[in-house]
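Structures for review follow.
You will see two complexes here that share subunit A, one where it goes with subunit B and one where it goes with subunit C.
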Partner chain A sequence: MNTDTKIIGTPVPKHDAGIRVTGKAVYGHDIVLPGMLHGAILRTKYPSATFTIDVSEAKKLPGVACVITADDIDTNNISFKRDHPVIKAGEVNCIRDEIAAVAAETKEIALTALSLIKVKYKKRKGVFDPFEALKPSAPKINKFSIGNFKNKNIAGEFHYEHGNLEKQKKRSKIILTRRFSLPRMTHACMATSNITAAYSQSDGKLLLYSSTQVPFLYQRDMAHALKMNPSDIRIIQPVIGGGFGSKLDMYPFEPICALLSIKTGKPVQILYSREEEFIASPTRQPMIIDLTAGIDSKGNFTFREVNVIKDNGAYTSWGATTPFVIMQAFSSLYKIPACYFHATAVYTNNVFAGSFRGYGNPQATFALERMIDMLADEIGMGKDEIRLINANEQGEITGQGLHYQTCGHRQCLESVIKSSKTKIRTTSNERYKKGIGFASMLHVGGGAKIYRSDGCGSIVKIDPYGFCTIITGANEIGQGSETVLAMIAAEELGIALNKIKVINSDTDIKPWDVGVHASRTSFVAGNSLLGAIKKLKNKLNAKARQLMNEPSADFIYESGYLFSNQTRSKIAIDKVVREMQFTEPNELAIAFYFYEPLSEFQDKEFKGNVSGTYAFASQSIEVEVDTYTGNVRVLNVHVAQDVGKVLNPLLLEGQIHGGVLQGLGYAICEELLMNSGMILNSNFHNYKIPTASDIPEIHFTPIETNDRHGPYGAKGVGEAPLIPTAAAITNAVCNALGIELLELPITPERVLRAINGKQTSRTKKNLTVRNGK
Partner chain B sequence: MKNSDTGSFIVNFNLNGKDVKAEISASTLLLDLIRNTFNMKGTKPGCNEGECGACTVLINDVPVNSCLYLAANINGKTVTTIEGLSCNDGSLSAVQDSLVKNGAVQCGFCTSGMALCIKALMFEYENLVNSKLTGKKPKLTENDVKKWLEGNLCRCTGYVNIIKSALELINNVERKSG
Partner chain C sequence: MNFELINPQSFKELFLVLKKLKHRKYRYAAGCTDILIELKRNPEDDLTLVNLSQINDFKFRGISQTKNSVRLGAGVTANDIVRNLNIKLLYPVLWEAAYNLASTQIRQVATIGGNICTASPSGDITCALVSLDATCVIIGVHGKREIRIRDFFEGPRQTALKKGELLYEIIIPGNKKNTVKLFSSFIKIGTRRSMECSVVSIAYHIQIDGFNKILTSGFAIGAVAPTIRFTAKACDFINRKNINALTERDAESFALKVSEYSDPISDIRATRWYREKVLFNLSKSIIEDIIKCQIEVK
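Presenting the complex of A and B:
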């Protein structure tokens, strides 16, 4: 591939920023269709109850077009495990549960109608602790659950192992056991959840304006829920106001909106209020991680033994598959001779968890990177040294079968170690203490084969005016995929960026793509587009040879021209296209390509090279702790990330900054608080996300390992920056104070408790074993 | 101006440089008036409870959360929304251009509010410079900018490039006022 690029690697501003910065971008909230009704959903008052419902008064209210309950609809269950009824019948199991829905002429009428619905509840005790749910005496929480598990409240189990655990335990000089506890964090996308449905009774077609990040999976899920043909459902994505994984699943409000439209024959829109967004959109999985790990006398890691309990909530989302990623971190981040991993997702009457940027990896990385610091302390090694000794290497095939054809782990570590000053721990009787913490991460960097195809289709065409249209399966959710694709086309075809259009938001038009997840878009969609461009250039080249009478010429595409490599004579690209199109044998300047990454499915034991490439990153973070108040201030964050190749430094930086700040929120302030199944902090006042005054200095060093499978050598980047952040911040706080924190977020209260030597309640079961070698 | 039959008011105000009039009820919020009556969708509803800043507009050049502002109080005032921030010929204003060039826009849902808040900061700063009360040139630090933007939440960008934009714009004001 051509290595001296002109556009790739330059800070091109976002292709679609203009409409966003002028207020012209149309988000779901901005859609108005003729005759549109407004939908609203009635949710249960109690997290666990049986109920009867009477909607007769609501139906009578003037302006109400339709009221539905479970009795009025014929749907299949939704969710990853099809254990989630669209509207609940007679029984509710978490505080999000939908029990009725209204469509009315205005939002106000719809809300008034909800208040007229009479519900009689018979409260039940509810089970809110996964360990309680696993007791034989616990009631069965989800009656639709399937699978053959040893306990009725298990939603899913994952088991993985490699190496000889017992042998490695014997070899170990130090063995530590700790219990880590991770909170519910919510996406808090700036645009709340939204959908507009328009059903046409004349032809039975359903049009959905939906902010999904996986439109083709969504189309299939919607069809399953509504018992329709998937192809009768057309999904158009409006501009999406934040995704971060929250839009990987389809949720009940979406088929509900479709049903309201089907019943009324009119377009219906549902917009969540902010409170509803906090209550009814999914969260990052809360987890309890029991980790035992060992180290030999030279500082080599010997084994990891992991048991994860995930609070699944009442229903099962895609998030239940996060153990795929969690086990990868435990089995393959740093060299690990033996690993035993078991994860259990347990039903409770809490709100259900979904998928969130990082997909289980921030939790796993928190546990394992905290553990590394504790092992270093026990054996008396530097926190930097111990990581360097065990760092992953290029060419390594891990116990799980991940093949690191390129690997920047060591360079990442060396970079952040160098750029942060070590040994800044201050003396003991000052109020403010500083500390430094390190953490690394491993994540898929070239998609992840978890669905039947991890591929992406592209169509590229050039019109007679020399403009290029890219029709891609890939989705834009704010991350910049449109820009990167436009840059690739500009680079390869020599067409100016402002002459490139990207069409990517309509399932009736665009070719298949599995969706935005696993940091896959640049890699998979980029390779797909390159494939299509190559085919298109073959056609253009053939025509140009004929037109220029240079039968053996090759062409360089630049500034709207094809330059012959033999004579340096040139021909305009639009001229070539016109000649193709308007003279015999008339042909279009269009080509398509389907790219499927070379990754493999993992086998039953979860072994196999699941991604086209792997991304690595390290962070070193400096904090200052106020020992009087317990307040943590993050001062400096050094990020080194193996991105393969920088495609666009401006966009890349944006992903790093945004990711780090989400990781900072996860570390120090974000937790969706629950008490007996009720959410306690359903607004921005009580659920604090970081603001402009919370930002640290972020110093970013990209590490380029030029992966030969990536477009121009690039790897996925989107999720990585938040994965090690919480671990590194907590390590820094522990380093500053000489304490042991095992739980997130590290609120002032938790810091003060730890200073006073009190363990918090959820994290016991900690053990140290020293072998006398 | 109150119509006693329907309980509605007429308000007259200036919206993005044009004198306009609207019939509203006592409880109409400025955000809804702008989005629904005037059909300008650039002002974003992020929370409708005064916590996120996405709905920020300028009222007489001062940033206000339009989701908390009763439209009844707008009579006689001047409102600038994101639609009014672009130059007359439709090209990007300095604030918008700077946000784009600095990579300060990702999903964009916070962007209208951020842009107006930064615009207001420029006005503030200009006023400070012009008032010449202190004799020496007023200085805006990075921390001042961060504090100023504290009420505007962004989940995508980590704020870094937004702050960079704001600082650049302020420096330009400083240079021009020489």
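Presenting the complex of A and C:
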């Protein structure tokens, strides 16, 4: 691996920082097309009802161009399981349900038109608890659901096991059973959901300005919904104001906007209000996790037995596949001789969950890392010690078949244990109590093979002036992939960063990529770009050899020149390009490459090496708890993360801070509250994300394991920093107070209740078994 | 949300406007940080908003000190208070309430008149003013009147203001002549540290003389009853006591007396149980903190 890099590893500021902070970035909300209409959606008033609808008055309103209901459209169902009608006909099943849509000359007219639509509802008793939904007496909630399950309200099931559970149970000195409960968290993206659709009635082509994270899957889904040819749909991504997984699925408002444009022949834009964003954008999966785990007398983990019930909501998004990741944490984080895992996604009349940074892993990590602390307490071991004994190792092939070719788990643990140990001091009998908590995480670090291809295509071009254009399949959603790709090109081609352009937002131009998720972009798109550059350099080298008359020379690319390794003589890169293009045999300085990671599909038992590499991280977090109010103040967060190799310390640190803060919100304040299918806090006043004044000190130590599969040795980093945070914070609070918290978020009230010995209702079914050995 | 907006530039103009609007529905608007949210949630038809923020009146917008009091115009913003060092010195409770309100942006426009007249049980500045036993100066088409702030609130979102009246000034009595030490602070509890609506708040202002005797004290509690309440019995309990004689038992008795004034609701922010428990704990903590100081002195 090339270790003496010039650009890679340096703190290059984000490519788009300037336009973002000066307000020059063009978000979906800024797009205005000639003759554009404004769309608005009528949603149901009740989470479960049958209805009839009359739109005649709305149609008569001056300025209204089009009103559509289910009767006016011919579409296929959308969503991961195709169980979600674009506009609902006669029946609604959650409070997000779209029952009509309007396109009008102004937003105000569109909203007035909505108020003129008459809907007669016949309310039904909804089912809002997944355990209720699983009872045989419950009504079937989603009539489009498919699959052969033992219960009509099951949307998906995952089963996994390895090792001999019974044997490991016998070996165990301590066995604990706990029920963990995880809330509905929402992404709270700065930009609300938006789309602008422009359909051309003359050639039947549909142009969409859409902030999707997965443009090619989106194109396919849109085509399926609208019964169109995918290639007749062109997707352009404007600057995206936050993704975090929320834009992995296509939602009804998107084909609705397209339909309004198709019907009117005019561009139509739909922008969500903030309230609408809270109500109608997806959430992290709420889950109940029943975990039984054991430990032997020496402190080795023996087994984990897991049963997960996920509240799917009324429809099935990609988020229903989070058990892929959840089972990975249970089967493979720390050494585990045996694991039994079962997860069930259950339909309810709640809002449907989607995918969210971490993809089930924060939930799983919360349960298993909380459990480790409880096991340590039972057996009388240090919480640092128990983790070190069981840490994953390089070369390990886990029960699930994950192959850790590099593994920084132990180094991560050692790092955070060392940095936090010196400071903590718990004083008793004081109003304010301090505590410390640890947690680790394992996540895919080299993509994840969940679609037929986990690959990415790249095209690199150098123009006659020595500028480089990268056309990549990869998507920028704010994470900084453009910057990292430009840095790679600058490193390899010796071209200055300000001469490098990245084209990445147009499906008509860019080559295939599965999308931005699974912390995969730097790894997959980086490798893809490196492949293309290598091919391009072969071409340039050949030409340079000829021009310089050095038939066996190799070249070093630096400062816009190719330097011969033999004579040290040089030639400008733009000159080589000009000579290539403008003299015979006239060739373009362009190359393309398709990179497909070495990962494999998992088999029917969910076994297999699903990612190109794996990322590890540990956090130790210090908190101070006010025992009078239950308020938790997070003081210091120590993060050590196996990133493979630091590509850009500035962007990396940004990911760490952002992730930790999202994890902090998940831990102590964020929860979309629901009662009987209605959302109670659809605003930033009552949906609480941490503010600047809640932010702790974050101390980050990168651990470089130089994975030979990653670009320069790098692994994926994006999701990891969020994953262990809530677990570590809760462990710290429990450490400070000597209490047991099993439910997130640990709001002041939940903490105070625990201090006062009042268990909350959602968590029960807790057991301790001691084998008398 | 639809309304007509009128922007009087002086009180003379304002009263002309009010006469004209006698038979119409109108509301005042100052910083608009409450009213716009309210109107968005519950739009009112045919409403006129009378904007007070362009009225050019020195007293309405300013802070002034007289021998026995400090006067704050109703148009004074939270940031005006934060910038006023005199208030920081004389009434830390008020300064802290203003300083911890919302965020820099909101503090720039939010007025004390708006905070009081919204009559929210969780109004922070209002809670501080109740603890300071302030007086409201009301003006209207029929003249001027004064009312103690603790009597100003008739229920959640209900005030003693009549049609044609508005809040003009707040008068805070000066600290006692022989006060040498203040225990004065604003405690606000919520889930996060900024942009937070109080789930429980306590404002207190305790004046102590050179012999460590409590000369007088004011306590007010917010978000735990339909209105902000002045906890007179709790004040009586500690008034005239020497702080060196206060004990842990006193702290508990004091907290029980404060709790008598609370009657909280359960809502999505917190349950009744939580509000009661925290109110008790915090009330106790105030006396405990004083006890800690007495140890420090010794």
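Methods note: the second predicted complex is superposed on the first by the 767 of 773 C-alpha atoms of A that agree within 3 Å, B and C clash if a C-alpha of one lies under 4 Å from a C-alpha of the other, contacts with A are read in each partner's own complex, and residues count from 1 in each chain.
Everything below uses one rule, namely that contacts are C-beta pairs under 8 Å (C-beta built on N, C-alpha and C of every residue); 3 or more make two chains touch, one makes a residue touch a chain.
Worth saying up front: this structure is predicted, and the values here are computed from it rather than measured.
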| Contacts of A:Q566 with subunit B and subunit C, given as first, second, both or neither | neither
| message | With both complexes superposed on chain A, which partner does A:P748 reach: first (subunit B), second (subunit C), both or neither? | response | second
| task | Considering only the touch criterion stated at the top, classify A:Q201 as touching first (subunit B), second (subunit C), both, or neither. | result | neither
| Of the two partner chains, subunit B (first) and subunit C (second), which one does A:Y628 touch, if any: first, second, both, or neither? | second
| Touching A:S693, do we find subunit B (first), subunit C (second), both, or neither? | both
| request: With the two complexes superposed on chain A, say which partner A:N164 touches: subunit B (first), subunit C (second), both, or neither. | output: neither
| Chain touching more of subunit A, residue-wise (subunit B, subunit C) | B
| query | When the two structures are overlaid on chain A, which partner does A:N681 contact: first (subunit B), second (subunit C), both, or neither? | reply | second
| task | For A:I668, decide between first (touching subunit B), second (touching subunit C), both and neither. | result | second
| remark: Going through subunit A, the residues touched by subunit B and also by subunit C turn out to be 684-685, 691-693
| query | Inside the complex, what are the residues of subunit C that reach subunit A? | reply | 103, 189, 191-197, 199-200, 268-271, 273-274, 277-278, 281-282, 284-285, 288
| message | Residue numbers of subunit B touching subunit A in their complex, please. | response | 40-49, 51-52, 54, 81-83, 85-86, 92, 96, 99-103, 105-112, 115, 143, 145-147, 149-163
| task | Sort out for me which residues of subunit A touch subunit B in the complex. | result | 11, 13-14, 17-27, 29-30, 187-192, 239-244, 273-274, 477-480, 650-651, 653-654, 656-662, 683-685, 689, 691-693, 695, 698
| Complex contacts: residues of subunit A adjacent to subunit C | 431, 628-631, 668-669, 673, 680-681, 684-686, 688, 690-694, 747-749, 752-753, 756
